[in-house]
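Each of the two complexes below includes chain A, the first together with chain B, the second together with chain C.
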Partner chain A sequence: MSIVAEKLTHIYLEGSPNESVAIDSIDLKIEAGEFWGIIGHTGSGKSTLVQHLNALMQPTSGRICVDGDDLKDKKNRREARKKVGLVFQYPEYQLFEETVLKDIAYGPMNMGESTEKAYEIAREAMVSVGLSPDEIEGRSPFELSGGQKRRVAIAGIIAIRPRYLVLDEPMAGLDPRGRKDILNLLKTLREKTGCAVIMISHSMDDIAQFADHVAVLNEGKLYKAGSVAEVFSDMEALRRTGLDIPQAAILAERLKKQGIEIDRSIYTVEQMLDFITEKTGGVSG
Partner chain B sequence: MKDITLGQYYNVDSIIHALDPRTKLVLTFAYLILVFLVSKLWAFGLVALFAISIIYLSKVPFKMVLKALKPMRFLLVLMFLLNLFAAKSGEVLLKWWIFEITAGGIRQAVFIVIRLLLLVAGTTLMTFTTTPISLTDGLEKLLAPLKKIGFPSHELAMMMTIALRFIPTLLEEADKIMKAQLSRGADLESGNIIKRAKSMIPILVPLFVSAFRRADELAMAMESRCYHGGEGRTKMRVIAFKKRDAIAFLIFASAFALILVLQKLVVF
Partner chain C sequence: MGDLLYNKQVMARIEIKNLTYFYADGETPVLDDVSLNVNEGEILAIVGHNGSGKSTLAKHMNALLLPYSGTVKIDGMDTLNEENTLSIRQKVGMVFQNPDNQIVTTVVEEDVGFGPENLGIPTDEILSRVSSSLEAVRMSEFAKNAPHMLSGGQKQRVAIAGILAMMPEVLILDEATAMLDPKGRQDVLNIAKKLNTESNMTVVMITQYMEEAVIADRVIVMHEGKIVKTGTPKTVFAYDSDIEKYSLELPHMARLRDGLIEKGIEIPHDALLIEELEKALCPLLQKN
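This part shows the complex of A and B:
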């Protein structure tokens, strides 16, 4: 059970003078249940990569398999869209139905569920994104607040019950509270359903804290991929691509320079907190 | 979507490109009138010859113009058939059930096809050689005298500019929304026509919502930069009537006059 990309390459407008290589021979294996963070600068190919995962885009060369099925085969594409749920950037702009309930049920109904069953799934999805069905299901999605709309849109994908949930910058444009809510709901959802989460994000801190694997894209190439500990063990390499480094890692680096010995890799606030409490014997101040 | 060449700009340097947009607008308009005044087959040949020499001067490849004509082929066939059977005048050549083909019908059918081809070729050439911005600038200047009777010429030109500017943006947006709904299992390809039309709702509703949102935002942005219509507004690129425009007018006027006079004088 995994998504496997082999030498995945996509070239826009191939053969024309405006041809550009969006992603270049990417090899990646995402196992069921993992939490991947995908980072990279604007234009590094992150969005192009994730659109290959549910066959919205076809590779120019190379291949992509979901649970062993090659997406080159058209018959596998529909199944792939059911297995791999893709939440686009600013997903609230795709809401269209009269009521929140109908909008969330759109996905499951397309996937062949009966209306009754789809509504039931939709209500469950509402709960899992922290919305109360009684309060919200009958309202128009257009009269909700920005954060609520975002959650309804994410619920619309969760309702498909994907095995792999892919999100393209799900926190873009939200306030810190909204960001945290979304991250926590992804974490809970993964614990509850066991689905894999693949999240594009610009925030190293969020990825360090929530993901267990990281893929770093740079100019269309897979710059680094592996467990969070592996990738963050080489901060210099990350810095060379011009990406941000987790705040806690910067602090750890400075402490080292001050002559404080650190016997482990630290890249999340929790790890730093543990380290400091250990060093100071739990006495604060 | 990529095949839409109508209304596209072809970027080369030529005498035609350098003309004042007003000149091109007026001359294109005159050309349109000419195409309707001509009513003899050989006269159409002269008009076509004239159009071809202008295309040659514009350095736009003939292939591009032909490509612009290509989407019209169904319309042309339809117009040809309609005129062939509907217009009844002169000698009856063929009769079958309720269908009748007359000499006048053939004549009119051929003429309508030639006219349409010449019309589209001419207007396409104008958009090929004029950027949308200078086209709307030219239109604004041309319509400026009408301001006296309260015609909003600047506002009209601004609306056209904005509309043109947002075509690629909305296409991109439509593509994104389509992909988002495909991710939710939307099926846009199968089913009968009603089912397919219905499957467009999840794409059209968000597209309209987003178009209105963008319009709102743009209006706000324009207002915060103190936009208040055309009153007292100056242009960065001032369009000016030059000698070459006068020459163009002369050439067009004499060519058109020649064609019309010949048509009147020659009997066949």
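This part shows the complex of A and C:
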């Protein structure tokens, strides 16, 4: 089971003077259960790419298959939308129901569940995003805090029980605690349900810490893709695309220049901590 | 004595005394008896979790919000006196989070000229301000472009240019980098830093990113409408800092530093920058 993009290309306003190639011949394979980080500067094509994953956008050329089904076929698109849940940027702007419960239950009801069953699923989804149904289900989504609204919006997508959960900058605009909460939530959710997580983020540090795979987009092209260790082992290449290098990686690079031998790739604070502890013979954690 | 000397050198641009503010229906104050001076020529970072009151505080600094009790004075002018409002807004310019909400016209240079035009500045003067402001944010080549075709970071630079064209003495960035990518964020920070060092512009920076607060001269931490910590980045993010209590986190290098200290490795307790960690770690690692 996997999502496969083959030569995926999307051109906006094709044939017009303002024609622009948003994504260009992208080949990418995302296996069920993986945690992918998608990075790239503004305008590199990240959002366009993820909107193809659940057939919200159709390729200009090339193709996209979810679990072997080509999304060119309309019937497959409907199926794909059940499998691939997409959380937009600032998803809380799309909350609309009178109560949190109704808002989260909207998805499952739309997919044909009975009201009773949809409510049950919605309550489970609330619990999995760390909200207490007793406290919150009857409240209006609009009176919640920013971080809570974000969770409700994510719960609304989780409630369709996607096999692939795709999120476009899920941490944007949140404070440090809110950001960490969302990241931990995604991690736990994946461990519990086995769903794949595909997350666009500007934070290389977060991706270094949480994802196992990473795709780097640059000017619509797939610049690099692979395991986090592989992609982050070539900092110079990442720097050329104008991306933020994780601070631990910068420190590692500087230490190497000072002639210190570093026998592994380091891009998180934890890896650096382990390395230094070993080297200096401190008490290892 | 030392204090006296200090006071003599530092002039407060903004004086906030016992400021309390409630939203219309609220019972708990958004700002609770806050006192703070923003000093001439400093970069002040204000951090705090969502809802801690930091943006509400910033909006008092150019009379967008008025105190429920207490006072806010800009160069001695009380924000509560309506006659001061215009002069205050000229002195204190504010850039907000979402660049799309701050662009009003369809051509970049017109957008930048919009503020001074409203102030009734003569046309020649407006033109020269527009060109120097765009230059300051490195957007001159986009003067004739349509703002909506620019990237988020570019739009935010245009928004800053629009503020600069009004020649403020204090620049407030209210989470102005929150919606930008790393490069756009770095651009905005560099511009703020440059305005500060080259034109002695006072900068107040409200931010969710602790890494940004590290470049400030002074950091204040807000929590539940109060200032709970004030100091240089080195003191606020020092070892044993209780910053996590306020739903914040340490900058990455401070986190590494604390981890190392806890393993018994000797690192200065206020090391915060990559260079400082490098300097402390090199001799330790070279020995082994």
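Everything that follows uses one rule, which is that the second predicted complex is superposed on the first by the 282 of 285 C-alpha atoms of A that agree within 3 Å, B and C clash if a C-alpha of one lies under 4 Å from a C-alpha of the other, contacts with A are read in each partner's own complex, and residues count from 1 in each chain.
Basically, contacts are C-beta pairs under 8 Å (C-beta built on N, C-alpha and C of every residue); 3 or more make two chains touch, one makes a residue touch a chain.
As the structure is a prediction and not an experimental result, all values here were calculated from the model.
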Touched partner set for A:Ser132, first chain B, second chain C, both or neither: neither
Chain B or chain C, by number of chain A residues touched: C
Partner chain(s) touched by A:Phe88 [first = chain B, second = chain C, both, neither]: first
Partner chain in contact with A:Gly147 - chain B first, chain C second, else both or neither: second
First, second, both or neither for A:Thr188, with chain B first and chain C second: neither
Which of chain B and chain C A:Leu56 touches, first, second, both or neither: first
Touched partner set for A:Asp205, first chain B, second chain C, both or neither: second
Residues of chain A that lie at the interface with chain B and also at the interface with chain C: none
Residue ranges of chain A touching chain C (in the complex, touch as defined): 41-43, 145-147, 172-178, 180, 202, 204-205, 242-244, 246-248, 250-251, 254-255, 258-260, 269-270, 272-273, 276-277, 279-283, 285
Chain A contact footprint on chain B (complex, rising order): 176-177, 179-187, 201-202, 205-206, 209-210
Complex contact set, residues of chain C against chain A: 48-51, 97, 151-153, 175, 178-184, 186, 208, 210-211, 247-249, 252-253, 255-256, 259-260, 263-265, 274, 277-278, 281-282, 284-286, 288
Parts of chain A lying in touch with chain B, wherever the complex brings them together: 51, 54, 56, 78, 81-82, 85-88, 91, 93-96, 106-107, 110-111, 142, 156-157, 160
